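Each chain carries a letter (A, B, C and D) given by its place in the written order, and its residues are counted from 1.
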Amino acid sequence: MSNQLVSIAVIGAGRIGRIHAENIATRISGARLAAVADVNLNSAREVGARFQVPIIASDCRNILRDPSIQAVAICSSSETHAQLIEDASAAGKHIFCEKPIDLKIERIEKALAAVQKAGVKLQIGFNRRFDPTFARAREFVASGRVGEVHLVRITSRDPAPPPLEYVKQSGGIFLDMAIHDFDMARFLTGSEVVEIFATGAALVDPNLERLGDVDTCVTTLRLQNGAMVMIDNSRRAVYGYDQRAEVFGTRGMIEVGNPVPDAHRHCDETGTHSAKLQTFFIDRYQEAYRAEMQSFVDCVRFDRPPAVSGMDGLMATTIGLAAGSSIAVNRPVTLNPSELRGVT
Amino acid sequence: MSNQLVSIAVIGAGRIGRIHAENIATRISGARLAAVADVNLNSAREVGARFQVPIIASDCRNILRDPSIQAVAICSSSETHAQLIEDASAAGKHIFCEKPIDLKIERIEKALAAVQKAGVKLQIGFNRRFDPTFARAREFVASGRVGEVHLVRITSRDPAPPPLEYVKQSGGIFLDMAIHDFDMARFLTGSEVVEIFATGAALVDPNLERLGDVDTCVTTLRLQNGAMVMIDNSRRAVYGYDQRAEVFGTRGMIEVGNPVPDAHRHCDETGTHSAKLQTFFIDRYQEAYRAEMQSFVDCVRFDRPPAVSGMDGLMATTIGLAAGSSIAVNRPVTLNPSELRGVT
Amino acid sequence: MSNQLVSIAVIGAGRIGRIHAENIATRISGARLAAVADVNLNSAREVGARFQVPIIASDCRNILRDPSIQAVAICSSSETHAQLIEDASAAGKHIFCEKPIDLKIERIEKALAAVQKAGVKLQIGFNRRFDPTFARAREFVASGRVGEVHLVRITSRDPAPPPLEYVKQSGGIFLDMAIHDFDMARFLTGSEVVEIFATGAALVDPNLERLGDVDTCVTTLRLQNGAMVMIDNSRRAVYGYDQRAEVFGTRGMIEVGNPVPDAHRHCDETGTHSAKLQTFFIDRYQEAYRAEMQSFVDCVRFDRPPAVSGMDGLMATTIGLAAGSSIAVNRPVTLNPSELRGVT
Amino acid sequence: MSNQLVSIAVIGAGRIGRIHAENIATRISGARLAAVADVNLNSAREVGARFQVPIIASDCRNILRDPSIQAVAICSSSETHAQLIEDASAAGKHIFCEKPIDLKIERIEKALAAVQKAGVKLQIGFNRRFDPTFARAREFVASGRVGEVHLVRITSRDPAPPPLEYVKQSGGIFLDMAIHDFDMARFLTGSEVVEIFATGAALVDPNLERLGDVDTCVTTLRLQNGAMVMIDNSRRAVYGYDQRAEVFGTRGMIEVGNPVPDAHRHCDETGTHSAKLQTFFIDRYQEAYRAEMQSFVDCVRFDRPPAVSGMDGLMATTIGLAAGSSIAVNRPVTLNPSELRGVT
């Protein structure tokens, strides 16, 4: 297949679907945007018109039936992901799926079984792995330049909390937001989580408490390789989108800093000043979104294993659920050995 | 015209033409890539195929005759620029033209007269003005946050010298490379150059000396507002593409630093390390190329004056020629009052 | 007393005693170095000769009896601190005492009772509070510029572990090393610790395990004001002495970075490089040692409360002991309400 | 002499004399502060009392006669330097002398002849050579890590201009302020200046123009090794004391940045902020003052050539005078070959 373009259908033409549609249409080599589907047909049409997409649909089943489509990018709302993975698998389509696969382990396992049975590729949208700086940090660790890993610090703070309505169905901070950080811990270290301790509070918006959720939290992970990971999350950082990490080991330390929108420095009578951090995740991870889709297209074209597997999706959700348990009982929670599988 | 897309023809499908073609096709709102021309028809076809461009030509006169084309982006070799500006003006097309307009003042003035007579827009490709950090610095100065400007420092160093063959017809370091810095001095300060002193040597490649050129130089400018500007240029910085500036005034200082390809920091037994600078001008100024074309398209759509005028092109070349004179006689050269016109 | 010099006796002429002796002799205004005592008389003599100190003693009781001495700086080995505090109190001397007061709460309380009864000043040597950057961070928090505090991160890593012999009697990593960080958490936030969860391992030197100690650990604190604190410690950072902190709140964030020994930046074909961090705590905290002694002298001269009280010493040890309990039982430990007293 | 302390007399107990006195008394190994002289006897007494100095004098001739004194540190007003160098030489004392030796070349040469005849050591107070970062940059260049030097940039800006009365007798900006930068150009490169072009204006205080002086200037130097140096000076940088340099060569670049008073970083809704630069030269060069005096003491004790020679003092003044000529005639000035001697 490597000489032909991979024809991709984007399912879901919301915010994230549009990013993937634009990337596939204009920045990904070896792929074409063949179809866009959205239950809101107007949304699909709008995206279709912008990129001259041949097939527009409100019902994605029509697309799954189309033999000219080789792959789908599932960008619809979270609760549809697992079913769509199963349907696309049954139709023999390769699958890129936004996180999370589902909020329930059993549902995820059922979807992954369908993928395995069909023998299609499945890549999960943990886009941060493809951010240039996070990817660089992983390279440093993987090449041994940090030595044996002892400590990992991950900071992940959003500029502003999502609407309460969204929070209600999101699975809470651990499954919606910290899930990226749990994946990052596994990605940076190449090791599995064996124990989780989480603590948190609704400091930004006390209303969250009624929903059984928190907006500020600290999670400690112990890994199979002996390393310890600290993660801190906040739903509101007034100074912008703050996403940092640090891996400390026997040979040194690698830090992932925040990129800046511009490289100015201003000195005046009060001190030295530089640019405010980015405030929108789409700006922050623009290159990561492009690179993850290129990676998916390449894994289809060259028949390689996907860079982020279904198992990665399963593990992140598993850790997220365990973090929820830990905060409920206020003590560390051990992951079942049967839940520990190798990172791919 | 603001509701319709501006149909643009790219003339010249070399390295820089391809950048503009891709931007117009995929990243510029309000424009479409309507035609590509190149004396090498295969080059034009290649670009055309990639972006599904309706008109492909080897002779751009066909394009200039086409009434469906509203604007041209002149990206062909430098010696063709002035004539193409005149031809496009005669055909009533708006013009984006890469620098330089020409190496001779008279030729530039003739081209600008044609533009004026035709009443079309002309924007010159001083892309650095659109780089986020340089643009930010200009905002700081223009808004008075730096106060009255006293000193400006501009560093501009390329990773590697161009081939000698290129240098021979380029007009030398002042007209080929430092011309961007002369424009930057005017842009950052909003003031005109009144005196120039340049000194330099062929330190990177002594062969340049036979061509009457240098590869390392230092230029001091005095401006009408009393400020002094220092510019240093080198054709070879082994650590990457180094483009910085600094404006110092009565209320403070604004520095333009180099952006980094990623935001990692690595600490080991030898010290602290971060990413190497970018090594390719197209990576360095990717956003600037996009933004300058958007600015051009907007000036056509909304009938605004172009952000970089033909006069700006003329002034930069004038300063470049004066720098060449200064180095030849080893003393400061005063710009003729008649050459001093307001920065637009 | 404000017009006279405070006559201070340094008790213990080891590494830390010499720092204080030199500072008192040469850099502290309002004080004089009146005496040096050390059980090793030669050590005392050496220091005495260097700074022309009138009184040299091997038995500090002679000094405590001397009416010309107003204050003592206790720099002898840790297990002597509590007794010396009591003796000095009984003798009516003001006291600066290196941390820890003792490893046992009851012993500390007995010593503090003696201080209170005698009405002398007691300042504990939590020198980091006087480091310019940590002090600056506290100012930012105290002045409200960070807003309500939600998260605190403290990193504290030593360049190399102490000898096993030292570790054996040090009280372990929480009472010997992290105690500074526990104090820093209280200092930066002005709030008390209510719950502690610690986890750790002997990753640097597995021999520590036999001693029941760890060399790498992560501690989570919950504070009375609702904020959460993460602390990470390592006994060996090959890249130098790494002491950072960060306070995050509703109005922003203040970071305490590592100072650098020099401000160079080196760019070459491999990237950008800067100086290695300091590798010796005495270099790192040179100014902090000076400033804490000046603060002590000023509190004596101007009859002010000491900047770091005996209660601060007690609380840090209390938290350290709780951290040890937490790691032993692998669950969070709550501090008894009776242990919660206001930070001074 | 290496086992004995060098007995030093400080001549001149003003601001700079006090710094040297304090350093000699408390921070320099191998030296003792044996005497302090000042025409204002009270000043001498004040310093003497603080450091228990045995000899206090208003007339330094008494000190020069004293056989117990081995060296003098000349810190009196500039116009007395040359005569004191001759007197101290005649008395067989080693000499540390603040810059400048004198404002006239002939007077300097006469003083240096006296030093040479007497065979005493003479070190000039170009303290910046001993600043940790500038010294580090010189090491990088000397060790070849920057390669062959092509370009040097030096920025030197004071927080505020001195009083007009001081300026009148200072020799002007080139001999008073930029003289440090001329020395730095020679120090960093190890090469001599062959041509100078200076331009400047009274932008901070127009009154300076009447005195024939400027407060803002740009100087270009050409060196014997082919490299070019740019220096910019301003008498008023509202953001603090700004002293930077950069050496660019065939293998890379080394930058000397400004040290910061503390290492905090503050993020809020408006951006990222860090500490204001130091605003007082004595804070900025505290360590440099200490290190230069230690270097002088060591050269006396171990009979080594001084790190900054009389010839270095002569050359810096020569360049400063040439810069003054250049600005007067507005063209480059060539240094006489006879003025070019090797840098020691």
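Rule of thumb we're sticking to: a residue touches a chain if its C-beta (ideal position, glycine included) is under 8 Å from a C-beta of that chain, and two chains touch if they have at least 3 such contacts.
Here the structure is a predicted model, which means the values were calculated and not measured.
Among the other chains, D has the CA centre that is most remote from the centre of chain A. Taking B-D and B-C together, the chain pair joined by more C-beta contacts is B-D. A separation of 42 Å divides the Cα centre of chain B from that of chain D. Chain C has its Cα centroid 58 Å from the Cα centroid of chain B. Among all residues of chain A, those that touch two or more other chains are 238-239, 242, 251-253, 260, 267-269, 275.
Listing the residues of chain A that touch chain C in their complex gives 148, 150-151, 153, 155, 157, 197, 199-201, 203-204, 216-218, 220, 222, 226-228, 230, 232, 234, 236-239, 242, 248, 250-253, 330-332.
Residues 22, 25-27, 52, 132-133, 136-137, 140, 145, 251-269, 275 of chain D touch chain C in their complex. Those residues of chain D that touch chain A in the complex are listed here as 238-240, 242, 260, 267-277.
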